[in-house]
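Take a look at the structures below.
In the two complexes that follow, chain A is the common piece, with chain B as its partner first and chain C second.
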Partner chain A sequence: MRKFLAIVLLLILAVGIAQSIGKIPFGTSKTKVGRYYIDNGVEETGATNIVTSVVVNYRGFDTLGEVTVLFVAALGLGAVLALKKKKQENDELERASLVLTSGCKFLFPFILLFGSYIFIHGHLTPGGGFQGGAVIASAFLLIYLGCRERKINENGAKAIESLSGLLFVVIGLIGLAVGGYFLLNYLPKGIPNTLFSAGIIPIIYIAIGFKVGAELTGIIDNLMEAED
Partner chain B sequence: MVNPVLLIAVPLGLAFSIPLFGFISRRIEKYIPVAGMLFNLVLSIILVPKVLQSPIVISIGGFRPPFCINLVAGTVGVFLSVVIAAMGFLVSIYSLSYIKEGATEKYHMLFLLLLTGATGVVLTGDIFNLFVFYEILCISSYALVAYPGSREGIEAGVKYLIQGALGSSLVLIAIALIYGQFGTLNMADIARNISSIHSMNIFLPFVLLIGGLGIEAAIFPLNAWLPDAHSSAPSSISAILSGIAIKIGVYAIARMVFTVFGISDTFLFLVTLGLITLLVGELSAFKQQNIKRMLAYSSIGQIGLIVFALGIATPGGVAGGLFQILSHALSKGLLFLAVGYMIYRTGSMEISSLAGMGKRMPFTSLAFTVGAFSLVGLPPFIGFSSKFMVIKAAMAKGSAIFVVLAALVLFAAIIEGAYFFRVVQIIYFKKSDNALKREEAPPTAIIPIAILVTLIIVIGIYPNFLIGLLNSAGSEFLNRVQYIRGVLG
Partner chain C sequence: MTFLVDHIYYIGCFGLILIGMYIILAKSNLIKVIIGLSILDTGVNLLLIAIGYINGGTAPIFSRPGIEANGMVDPVPQALVLTAIVIGVAVLALALSLAIRLYRHYGTLNLRKIKGQKW
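And now, the complex of A and B:
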């Protein structure tokens, strides 16, 4: 009986939702803001990757917020897990085989290089700070899984996280001081399609890359150390 | 020229830099939230006279709206940011010695970020930006609820996390639907075009937004997470969650209803919902034996009253609702802060264990009594003026139904009185078995509690200097056309 009622209720809801959004013509040329970005993005921001020009320049404030959301999530996890940390973890993990450890050590710099490439070229090619940071964190995850006795320097990760977050805010504040707008793109835009173009966008993306990389690595570190 | 974006950027930067200060000395880090909130308080108060003349619209990144994110620092936004900064400042002083255990550095960062998120929500003029700051607020609240690391704390935190995440997803879906139809995320731009779309097509996003934001606002029947979360959190966090966080949800709902959608048909619905929330909250609070749970349920009731007042949707009603936000933030903040050290001394949250507190912690008990009387709505405290304003606005509506509703609000105040007087009676008149030794709270707790008591009494006696500001905020909140013109020119 309850199941039947639930199904009837779901059906009513489904019909209601279909009634409400069925006729909306999604994706038509109504997206005037999107159109504006496509038409003027390269000229106004200097970034050939339109997504980047929206994420870091037009809606850079959101990105600052999103970086903070990730930061808060990592912090919260750390705060909750801090109380459950093992006292001593010298319970001698079995060492992985030489093939595995050497393989991980061999791949590690290349993954870092690839991650850095993704965020440094965020304004030119698909990708950016978040993606690059995630790739970098995956390199650390590999080390944690493969060479289990190794650990990151937690203070170093914390310092990178703080400094890159601070850099983002300070770049924004300089914009406020120079031109009266927070996060104003005040550096020369350069020639599109070259590495040194798009003003503050690459700098912000590098900061985000470092920050996201350090944060995700911190999350991995916290979860690895947590008692199960 | 003071730029409102500093209200968000500076605390954010300070929160990021707390670990760096921690490298210099671990003793500095707890003073950073105090500094950040003091900065916000001063800046917001400086902004008040300016926004009374006209709202300040700030574009970020130097593009013109709707192509960039913009902040709208109107009277409502700046008023709320004053409330947030004031409560944040006082509670961060309280935290200086109250928070000793656990990852204190992370506590202070999360605390500052929570308040930054709240400030962002009240100042932004962009619906997705609102969502981002709302997420900062919510996620730091989840973490801070679970901060004590106790079983109940983590359980409450996870409950809150699941329901809150559901709410956030609903909000995100609603934003996606809105963007799909309007092609813009700017609230003023959406508001301008909303009438061009068939009302059936905006019904679903509207419902999802109210439902999603309603979870954070703890409107009945979406309030299941609140009693656990507010009672298991550290008392300083309970004060912020009850005093600030749930109000932000209500503000966001009101912004959607008044400005973005401008649907006047929902006002009566809001009034009814508020009244039900009020009655359910107060009746549940009446039954509680645990002091913090009682205060938490009473917060649900007060949220109901605020929603009721905003739903009246006259300038007077909205002004009353905003006044009630201030009055509840101060009174409930005071109650949680006072109760925090009482619980610390007795080691129990049972109401019966508070017996003899009147002799053991005379000042804290007196402060609790002031907070309780103010919340019930006794003169000469601030709660009286704010409730009076709400009732007056309801009566001014003139229809018979509002008279009945106002009578129900007064009935809820009687229930409220009953359970608060019971606690006050136990504190002062019930004999305690334990040996009574005076053990007052430390100065870092006494100072914010004393400031709150002073504010409650002073504003209660001279509400007039606020009334002008509140009335201007009330009419600004309801004036969609002016909002749209202010942003888009």
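And now, the complex of A and C:
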């Protein structure tokens, strides 16, 4: 009965959607804003990756809100799971095989290096702070799963997270003081397609990379501790 | 038939959205509902990207001097999706932690069996 009702409801919805998407042409240029960003983005921000210039420069507030959402979610997850924190030192954990443990330890620095590469080159290549942070957190996940006795220092992770979030806001506030509005790109733009270009964008992406990496690692840490 | 060919990407995206909605409406296991939420989220993100596509377009990155600006796809939906993915992951993590708490408290993940739950 319940499934039947759900299917009927979704069929009605599907017919309505089919009516509306028939009106949206596929594969044609639709916006003027996007065209403006593509045409003027490189001169105005110095970043050759237009998506990065939109995310960090033109619509920097979105990124600030996004970072805030992730922070609040990590905080809420810690608060929800931390109530039962007896944490008996479970020595009875089955050890992983030697191949797995050594493989994880061997791969860990390479993944960290690659994650750092992604968020440092956010203004030149695809990727950026969130992608690099996720790659770094995956390195920590590998260590958590492969070498189960290893732990990160929770206070250190929280400090990195808070300081890099603070760095983002402080860079924005300096823009307010220097040129009149929040998240103004006040540093020299440099030559496009070189590492030292695009003003504040790489610095903000490094801060976001550290923040996201530390936050997702904290989420993994909380979820791994939660298992009974 | 030509409608199907022209809008195949949209149909796929809305298919994912509808599958996600069906799972949320019809399933009673909380983990399955969260999986449905995640599928719905993926469908919405894919739809946003598909709307920004331009036929024969390249990624909006001026990585070489020769690239011309005309053939680039719309960067605005990509920036939106970058935001939406992170928010989706945050919601997923929070929902999973609440599922862990619920399982500890009630000993079940069946939504019909959880007391005080009218749903």
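Heads up, the rule we're going with is that the second predicted complex is superposed on the first by the 194 of 228 C-alpha atoms of A that agree within 3 Å, B and C clash if a C-alpha of one lies under 4 Å from a C-alpha of the other, contacts with A are read in each partner's own complex, and residues count from 1 in each chain.
Heads up, the rule we're going with is that a residue touches a chain if its C-beta (ideal position, glycine included) is under 8 Å from a C-beta of that chain, and two chains touch if they have at least 3 such contacts.
The model shown is predicted, which means the values in this text are computed figures rather than measured ones.
Contacts of A:Ile50 after superposition: chain C is touched, whereas chain B is not reached.
By the touch criterion defined above, A:Glu66 lies against chain B and chain C together after alignment on the C-alpha atoms of chain A.
Contacts of A:Ile17 after superposition on the shared chain: both chain B and chain C are touched.
Of the two partner chains placed by the overlay, only chain C lies in contact with A:Leu223; chain B stays clear of it.
Applying the stated contact rule after C-alpha superposition, one finds that A:Gly76 touches each of chain B and chain C. By the document's definition of touching, of the two partners only chain C reaches A:Asn193; chain B does not.
Judged by the touch definition given at the top, the superposed model places A:Lys32 against chain B, while chain C stays out of reach.
Look at A:Arg2: by the touch rule set out above, it reaches chain C but stays clear of chain B. Of the two partner chains, neither chain B nor chain C is touched by A:Asn153. Shared interface residues of chain A, touching chain B in one complex and chain C in the other, are 17, 21, 24, 26-27, 30-31, 33-34, 37, 59, 62, 65-66, 69, 72-73, 76-77, 80, 83-84. Those residues of chain A lying in contact with chain C across their complex are 2-3, 5-7, 9-10, 13-14, 17, 21-22, 24-31, 33-34, 37-39, 41-42, 48-51, 54-55, 59, 62-63, 65-66, 69-70, 72-74, 76-77, 80-81, 83-84, 124-126, 128, 130, 192-193, 212, 219, 222-223, 226, 228. Those residues of chain C that touch chain A in the shared complex are 3, 6-7, 9-11, 14, 18, 21-22, 25-26, 50-55, 59-63, 69, 72, 74-76, 78-80, 82-83, 85-87, 89-91, 93-94, 96-98, 100-101, 104.
Residues 3, 5-6, 9, 12-13, 16-20, 23, 58-63, 66-69, 102-103, 106-107, 109-110, 113, 116-117, 120, 126, 128-129, 132-133, 135-136, 139-140, 142-144, 146-147, 149, 154, 157, 177, 179-186, 198, 200-201, 203-204 of chain B touch chain A in their complex. Within the complex, the chain A residues that touch chain B are 16-17, 19-21, 23-24, 26-27, 30-37, 44, 57-62, 64-66, 68-69, 71-73, 75-80, 82-84, 155, 158-159, 161-163, 165-166, 169-170, 172-173, 175-176, 179-185.
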